[in-house]
Every structure is written in structure tokens, then in C-alpha cells.
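Order as written gives the chain letters A, B, C and D; numbering starts at 1 within each chain.
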Amino acid sequence: MKNNSNGLKLIEKLKEKSASYKVVDLYKRKIVVAWPDKLVENVIDDDVELKVRVSKPWQLASNEWKKDKTIVNVDGIEIGGRNIVVAAGPCAIEDEDIAIEIAKAVKKAGAKMFRGGAYKPRTSPYTFQGLGENGLKILRKVYEVVGLPIVTEVMDTRDVEKVASFAHMLQIGARNSQNFPLLREVGKAKKPVLLKRGMSMTTEEWLLAAEYILLESNGDVVLCERGIRTFEKNTRFTLDLAGLAYVKTVTHLPLAVDPSHPAGRRDLVEPLALAAIAAGADMLIVEVHIAPEKALSDSEQQLTISMFEELMKKLKMVAEALGRSI
Amino acid sequence: MKNNSNGLKLIEKLKEKSASYKVVDLYKRKIVVAWPDKLVENVIDDDVELKVRVSKPWQLASNEWKKDKTIVNVDGIEIGGRNIVVAAGPCAIEDEDIAIEIAKAVKKAGAKMFRGGAYKPRTSPYTFQGLGENGLKILRKVYEVVGLPIVTEVMDTRDVEKVASFAHMLQIGARNSQNFPLLREVGKAKKPVLLKRGMSMTTEEWLLAAEYILLESNGDVVLCERGIRTFEKNTRFTLDLAGLAYVKTVTHLPLAVDPSHPAGRRDLVEPLALAAIAAGADMLIVEVHIAPEKALSDSEQQLTISMFEELMKKLKMVAEALGRSI
Amino acid sequence: MKNNSNGLKLIEKLKEKSASYKVVDLYKRKIVVAWPDKLVENVIDDDVELKVRVSKPWQLASNEWKKDKTIVNVDGIEIGGRNIVVAAGPCAIEDEDIAIEIAKAVKKAGAKMFRGGAYKPRTSPYTFQGLGENGLKILRKVYEVVGLPIVTEVMDTRDVEKVASFAHMLQIGARNSQNFPLLREVGKAKKPVLLKRGMSMTTEEWLLAAEYILLESNGDVVLCERGIRTFEKNTRFTLDLAGLAYVKTVTHLPLAVDPSHPAGRRDLVEPLALAAIAAGADMLIVEVHIAPEKALSDSEQQLTISMFEELMKKLKMVAEALGRSI
Amino acid sequence: MKNNSNGLKLIEKLKEKSASYKVVDLYKRKIVVAWPDKLVENVIDDDVELKVRVSKPWQLASNEWKKDKTIVNVDGIEIGGRNIVVAAGPCAIEDEDIAIEIAKAVKKAGAKMFRGGAYKPRTSPYTFQGLGENGLKILRKVYEVVGLPIVTEVMDTRDVEKVASFAHMLQIGARNSQNFPLLREVGKAKKPVLLKRGMSMTTEEWLLAAEYILLESNGDVVLCERGIRTFEKNTRFTLDLAGLAYVKTVTHLPLAVDPSHPAGRRDLVEPLALAAIAAGADMLIVEVHIAPEKALSDSEQQLTISMFEELMKKLKMVAEALGRSI
């Protein structure tokens, strides 16, 4: 819409046509999304600055109307620009001292954000389920002491407000990637969102999941590839960098990769992380622990500090070869 | 535990060992589930009537300790016995008159339950999202007028209590099959649950999802196979009857099949429904509409009334050939 | 083409257009297949009895031009009619006496054909590779003594003639389902072919593989579903009966199911076999052994004789419920 | 075996035990492979220089006994060393002049080998099947004129000798990756082999396919990842770099990647090629054409010459960042 328009005239016209619509504030623009196509295509209004008919099922996530790449700002850290952002930390938060120690180490090695789970989606109810709110408090303490912004998962619509009050970026895990009420709720929370791809989600469904968040006027979405489920058994998941490369051609949103979960074992994290940035990832989220063998979850795939330091060196060299920094 | 034991002595011993445990009331037994194995295996207590060490990751869902098949009672309809239960109805509830008309027709053809979505998990935010609470009210009306118990999906932990007050059986959809807070919440609601298998869920993960519900002392769980995601494109999903047959060998819980979603088109529903009961399904859940071509969702795969009548006739013949009824 | 036409005039016209064509003798008709569409569509010729433009990528396998179901005759046994044909026998031929004993037992239980591998495609070179030509000789002996026609696999273009001289039906295994020279060669051999679906083959690719055989003027092709590869690990493969049901709607060729390989364990063979005929299979091919635990390959999934007898009883009852016999 | 031993004494002992064995000449060593483990483990012989019990199903392909990386020499070009080898050329050979023109252009841009199909495995019999022997002659001409060694596919055991007489490296395509007679035949041909991974092949099966070739005393095998089949539809296949990274940890054989087939469209080839070398590939095989839109097969995914030049520049920079050259 044009600058001072409240869009009311347009909405009136859409109502006349019985079209569906939603008014969205996104990237400092006021946007009226209206559908279905056949009802909307001939609606004309003077207050409309630009009318775009997007050819893909995803509308707001498409780069057909927004040609510049979106940069998501997480407490001052910019994701989607020339610099590649690395978030690192343990799978789950288990202890404050350990968390702080890890955070200091990964920060020193070049990480710009801290990751760690307080609420853990676990396949079995008989495994460690995370510390919950106590985990969130530890994460906040890590931020205060070490200064790295926090990304952590939220699993329940009832917890979104609470998690948002502790963390800087809300993670939607693979198992909740089509939990539509939760997607709407993190949209409303107006915090940056790291949206993991579900393990059997098509790239189209992934973009449509982002669309649920964008439609709540929250444009700060980073799409995170973390491996899909296939028949191959010697790795935990199959990292789909072809899918990532495809998505990059159709969206303005930044793209992240989690190399730890597809690897499933720490010696495969490095080649996958390097491949991810070579394929165009804007962000990496890596599991690191000072003593992985003692971790209560995913102990096989968390890097040691020295492995992470080594990885960061190589990432920097490849990033520079590609005209980026880290 | 023995009849009058509150299990407190046993729990004391488990605490001493730092073992995890949960006290569960299930199938008219008081059960103390304790883990991990290595801490628990030598704990002995006089109040324990029977101690079972289950070899599978799923404990309460296993038929190693409960050898009789569980029969889930939904408002008088028994699922898991000799009789095969067919639930039928439209994909989504759109209108009260249409819903009642469909319910009458499917009841006449032999359906024992009514299905229909009020809350619809839709891949795209731009498609019909269901009537929500109004849909629930229509479903209740259908029950009052036609007398078929209602199964309908719940998607949000905040809605469980409300949906449970309208419906007789709560459905967990494929996309929420690993939404663990939701699984716990429907467990607490103490209503029968139809737990759909996720589209990339292994049979092991499916049983562990059921375990989350059973651990809340809710034993009325029916496992529903509805197709998994594969490379094959001429059907919507790949119905995994081998997975169903496997699960039947390891659990006491009844098994359902949804033949409509894997088919994706109505002419394939009949062969899949027949195959499902031949493979051992205790229940079918079938999409039926008086005018499928006008439905707002899944119009391609909903059966017409006459197709459903024809299907029921064939199902009866095959069921009888297998020593069952319908 | 009309009865007495050699099609030469038509071919002349196709050559003028630079179209590709092939003259095929199939089902007692002379057919000129010509492509691509855009060069062919306006070619008219008096000698053409019927011109069909098939909408699918597979032409000869389509039921758009041949609306009656094809019945494949294997040494007097008809596959594709009202009667469902069961082929049974060991995974691999290991010994003449054992083979004959199994053949007698499965014949008594109602099997109409004998299966057994002489050439075995084995994942590892360190496992039993089959007896080769000696295995073929044993198979021939089984036929002479017991009277069941033989179906066995051929793996190498150089062996087709030899295998065809011993067996009544040539099996193309899953791993060779897109071995195009082999498909052409079994087409030329003019023996009935059992074409297994590859483990990652789409239904479209399966029908196109059959097309290679049909184009060699060999119309005696039975399509055999045997499970596709998915992430599920508690069964060996995922039997795709939805795919089978789909293919049945688009082809005139008969359909078989191998329930043994997807099961991967003998207790799952029965439910899958029952499901297969309920879904519409015209033929089953089942692994049976008098002493499965001693078999050199697939020992886990071969049925005992008594399990097979039990299976045949149930199959008969379900077949009759569906208006068929066995 | 020790230098001058013919291994006869050892073989005598293996025969006594009824063990299976094969004598192999590989990497300038004489090796006796014997199995199964339980018969072999206590066999001792003085002529044995080194006895290795490999823990994996693949024996000769394992890096447990051969710790140095194998370098495969193709007409002077070394694959598996510090230098990353790029093979480039059209999908299929269609015309001599065009082939030579492409070869000159890719050579100038830095390619070290020429690829191009004479025998084409095509899903449909109605599409271009390759020029066959004429294609081989053109490939030879390209070698004579331009000087790039040739890699081309062989599909039929009967053609191996002929193809080997024209080409420098024999390609086994994805559809023939478990065509065991063909694997043995290219093993016997003693030419370097590019073994593509099947589209539903596990990494274990891939290594066992290589084992068939190695057992024929042909150690010049390069394993080529080219994408596996998954549910994702916006790319043609899912490139499995996690699988590649895993295989690299267990074998001494060099690894190649084909980024063109998984991409399925030319704009995705570059990110996948970059990712492949970042993940550790020793070789790339890329489809390039002077006029891709006119190509008779795979026209969507072939790079233009200028795209290939651009790709080579970026590949060089990333290779150097990783301590390699190109």
C-alpha cells in the first residue's frame, strides 16, 4: 500500500468479491495479501503502490515481490548478509557452569550466537526431556555473562511467550515444522524464528510453513535445513543441500544449515558444515560440548571444543574463497 | 503392584537408586514404570505382583507384559475386538445439514462412528482452515441427531479440553505425531485417542509416541496407519501395511487404517481398505461426502455415498472370510 | 493395422515425416507404434484399422487401446483371469531332492507354479551366488517330476537363451528392472516375463520398463510389486499396494505381488499376502522351504510348509469373498 | 602374501577347512581373500605377510587393510591425489563436430577428462537411446583431436570389451549399480571404473558393488555419488554428501560427485559442485553443452560453456582454500 493508506478501500473491494485477505506489516511495508487468485486478479485500487501476482504457492516468502535478500537481526547479529553466522552450543542445557564454559569457548573460536535446548523433543519419554524453565534461566545467564544471543527451541503454544522473554531467537524444531498453531504463535511473538525443515517436508511445504509466520507480520524467519529421512542408514539423516540451493532461488529469506543432526557422528560434521556454506548457507548451527561423551543427549554428534576451533578455521577459509566472511 | 499397594515402598527403593519412575493407572492395574534398566534391574519389592523387563524401547505399549489385546471403548463402540469398526464422514465439517446427511447415510451403510475435521492442519495458510469451535458444535449436533460417536482432530494443547468436551475420540494428526506436549495433553484428557502415524515416522517412533499417552494413564489408544512419504508420485502417500503387520506383532493396542489419504483419489480407496482389513486392521477411517466435488478440502479422495455402500458390502465379505465381522 | 496389411504404406508416410516407429506383433494384432506425437498426429492411412493416441508415457502397456485384461499363459497356467495363481518355492535352488520335496508340498497345498533361483543377485560377493546352470537343470527336473511350470531369474543378457530353454517364465529381478538391454533380450526370447518393480522405481518407470519388453513383440508380461525402499527399518521393504492399485487402473497387464521380500520375516508374509489379493493381485510369488533355517539365503523370510498350507487356506477364503478363486 | 609366494600352501589349508577364497592381484600385492570368518580365523601360514580381519562387510574396499588413499590413473590423469579432477562434456554424444567443440571449450576451462554417453540408459524406449558404437568412435576422435581421456557408460556385458577398446574409463550407471555380471565384467576388463551409486543404494551396498570389481583384481575404482531418490520434488534427486563423507571414512578408494543429475536444472549445478568438493570429493563429472537447449537428453541440466568457465573459477578458489588444487 501507499505510505499513508490504511487499505480500507481495497479491503472493501475484496469483501465485495468475497475474497479472503489479510493485512500484514512486513519489512516496513503495509501489505494486503488476498486470495484466491480468480477473485482477486481484477481488483484495482488507487492506494495500492505495487500489485504482485506471485506464481508460487508461497506468497510473502517469495522473492518475486521482494527482490532484496532479507537480513534477520538477532540482538545485533545480522543473518543473511555477507557474513556467515555460526551458532554453537550443546544439544541440551544441563548445567550452568558447563553452559557458560562452552559459550566462552565457542565465542572465542568465532561463534556469534549460542544454541542449547531447554525444552527437548525426545522420541522416547524415557530419555532426558530438558530442564524446561530452569534451562531458559541458564540460557539467560549465559547471555549475560558471555554476551552471545540465544537461540532455543519452543515446543508448546503455551510456552511461546515465556521462551520469547528469555531467548533472542525462537527455534521451531523439525517435529513441529507443521505444527500450525505454534507457527502462528511464534509469528505473533515478533521474535526472530529459526524454522527447521521437517524430516519429510518438501521444500514447498517448508516455505509454506514460513508463510504462516510471515502472515503474522513477522518477517524475521531463517529457514534451517537439517537433513531429511531416507533409506540410508550410515548417517542419521540425509542433508539436502540440493533442496537448500533450490529454496535460495525462490525466497528472500536467509538459509541456515544444521550439520550435526544429519551427521549423527562428530567426524562427519566438518565436511557437511563446509559443504553447507559452499552451497550458500547464511548460517550454521552446530552442536558443541566441552565433554560430549558425558552429554545426556546426542553425545555422538557434538563436537569437542578443539574440533570446533579447527572447523571454524576451515570455514573461514572457504567463506573467503566464496567472497564472504565468518 | 498388588491390589492394595500404593507402591510407596517400591518408590522409596527406586529413589535410593536415583532411578526415574512413573506411577501409572492402566487397564485397571497400578503400574510403576522405572528406568533406566541398569539401575532398576535388581530392585525387589514384596508389593510388586509382577515384574516385567520389556525388551523393546516402548514399555507400556508392548505386548510382552499385556498379552491380551486391548479393546478401546468409544461411547459403547468397541475397537480391537472381533468386529471391525468403520468411521466415516467428510474431510472437514463445512455445514450442519450436509454433515447430518452424510452421517445418516454412512450409518445406514454400516459405519459405527462419524469423522470430520473442525480444526484442519493445512499445508498452506491460504486454504480452508476448518470451522474451529463451530465445527465442534456441528459434530455434537450430528451425534445428537444421528447417534454416531465422534472422532475429530485436536491440534493445539490449549484446545484439548474443549475438543474433549465435544468429541468421543481425539485424533492426533500425522503432522502432530511427535508433538510431545500435545500427546501428553490428550493423555491427561482421558478420552480415547486415534494416533495417526507421522508421514516419516518409523514404527518404533510411532509406538513411542503412544507411550507418551499411556504414561499419562490413558490406555485407550488406537494406532492409525495413513501412509508414509516416499518417492512414488502417482499416489498421495505409500500405505505401509507391512509396518502395520509388524506393529501388530509387538503391541496390544488396536490398529486402524486410513485408506483415503494414501490413495489421494477415490478409485484407489476400495482396494486399500480391503487390503487393510486383510492385513489385520481393527478399524478403518474413511472420507465420505455426499458431493465430494464441492468439498473445500481433499475433494479428490472422498468417496461418494454409493461408493461407500459398495465398499461396505465388500468389506463385510472379506471380514467374514477372515473370521471377523463389520 | 487391418488384417492383411503389411503396413508398408504407413511406414513410408512416417519416414517422410522423419518420425520414429516400430512394427510390433502383439496379442494377435499388428501394431505400428510411432512417435513423437507432434510428427505423427496427422498421419492418416487406409490400412490402419484403429488409431489410438495414448495419453500416458507408456503406450503398449496402457489400457487405453487394449481394454480387455491380458491373460498370460505359462505352460497352461493362466495369470490374469478369475483364478489367482500362486507360485511358491525356495529362495535359491541348492539341492535336487530338497527342491523336489518342496515342489511336491507346495503343489499339494495349491501352488500352480514353482519358483527358485539358479542365478542369484547378491548384495555381497561373499554370499551364496546360486548354482547357475546346475540350478537350471534341477529346476527342469522339478518340472518333469512334479509338473509345476518354472519361474526363475535371469541376470545377464548372455544367459537369456539358456535360461529360456529351461524355464517357463523369466524373472527380471528388482535390481535389473532398469537393465534395458536385458529387458529387450527377454522381450526377444518370447517367453512370459515376471517383471519385478525396482526398489526405488516409480510406477511410471515400472510401466515403461514393461514397454521395453512389449516393443519386442512380447506381450506376456506380469508386473510384480515386491516392496520399495523407505526409511522404515522393522520390515525389509515397504510393500506398495497403493502403487499396485494405481497401476491396475492404467494397464491391461496382470499384476503379481511378492510378499516375502518386503516382510523380511516369515510371520509377516501371511498378512501381506492376504492384503495383496484384497488389493487386486492376480498372482503371488512366495518363498517356501522345507527347512528355512538351513537355507543359504533369505532364511528368515521363507515359510515352512505348514505355514504355507495355512496361508493357502486363508487366501482361498479371501479370494472367494472377492469373487475369485485360487 | 610374501613376495615370492604363490599362496598354494595357504589355499590348501583353506580347502581343508572348506572355506571360500579368491586370489587377487591388487595394488601390486597378491592377496588371498577368504571367508566366512569362522572357518578362516585360525588359519595360519608362513607365506602370509599380513593377515587382516576387516570388520566391515566390504573387505578389499576397506581402509582397514590399505591405509593409504588409492590414486586411480586414467591415461595419466590422477584421481584421488591433491588435485581435484573435473570431467566434463555433454549428456549424450550426438555429433562429432559438436563433441569436439565442447571438448576444446571444457579443456580450456580446466577440465581434465571428457564425458559423453554413447549407450544411454533411458527410462522410456521412446526417447533418444544414444548412438552406440558410432558414439564410441566419435569419443575416440575427440580424444585424438583434443587429448582429454574419455569416460563413458557401458550397459551390457556383451559390450564391455568394445567400450574398453575406445574409452579410458568405464562408467557403471546408477541403474546398473547392482548389475553384478556387469560389475564382474568391467572388473575383468582391467580399465578404470567410475561406479555410480544407485538411486536407492545404501552406502554399504555401494561399497559391496565396488567389491565385486576389486575381486576381479581391478583396483582402479572411483565411487561416484549422483543423488538418491527421496520424496523431494523440486530437485531431480537428493545429493547425499553425508553419505559421501561417511564412505570417505571407511574406504581407500577415491570419490567423485555428479552434481548435474541431482540438480536437474543448470542453476543448481554450481552450488552442488562447490558443496561436493567442500565435502571432500576427489573428482567432479559435469554435464556441459555448447547449446544445451538443443540437446536430445537432459537439456535442462547441462551447463553452458560460460557457466562452466565461471564454475571452474569458483571451484579453484574453494579447492585452494581447502589445500587442494584443480
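Observations on the structure shown:
Rule of thumb we're sticking to: a residue touches a chain if its C-beta (ideal position, glycine included) is under 8 Å from a C-beta of that chain, and two chains touch if they have at least 3 such contacts.
Note that this is a predicted model, so its numbers are computed, not measured.
When the C-beta contacts at B-D and at A-D are tallied, the pair with the greater total is A-D.
With centres computed as the average of Cα coordinates, no chain lies farther from subunit D than B. Centroid to centroid, with C-alpha atoms defining each point, subunit A and subunit D lie 37 Å apart.
In this assembly, the C-alpha centroid of subunit B lies 48 Å from the C-alpha centroid of subunit D.
Put simply, the C-alpha centre of subunit C and that of subunit D have 32 angstrom between them.
Shown for subunit B are the residues in touch with two or more other chains, namely 200, 204, 228-231, 233. Interface residues of subunit D facing subunit B in the complex, by the touch rule stated above, are 229-231, 233.
Note for the complex: subunit A touches subunit D at residues 200, 202-204, 227-228, 230-235, 237-246, 248-249, 262-263, 267-268, 271-272, 274-280, 314, 317-318, 320-322.
Those residues of subunit A whose C-beta lies close enough to touch subunit B in the complex are 20, 35-36, 57, 59, 121-126, 155-158, 175-176, 178-181, 198-200, 204-205, 208, 211-212, 215, 228-229.
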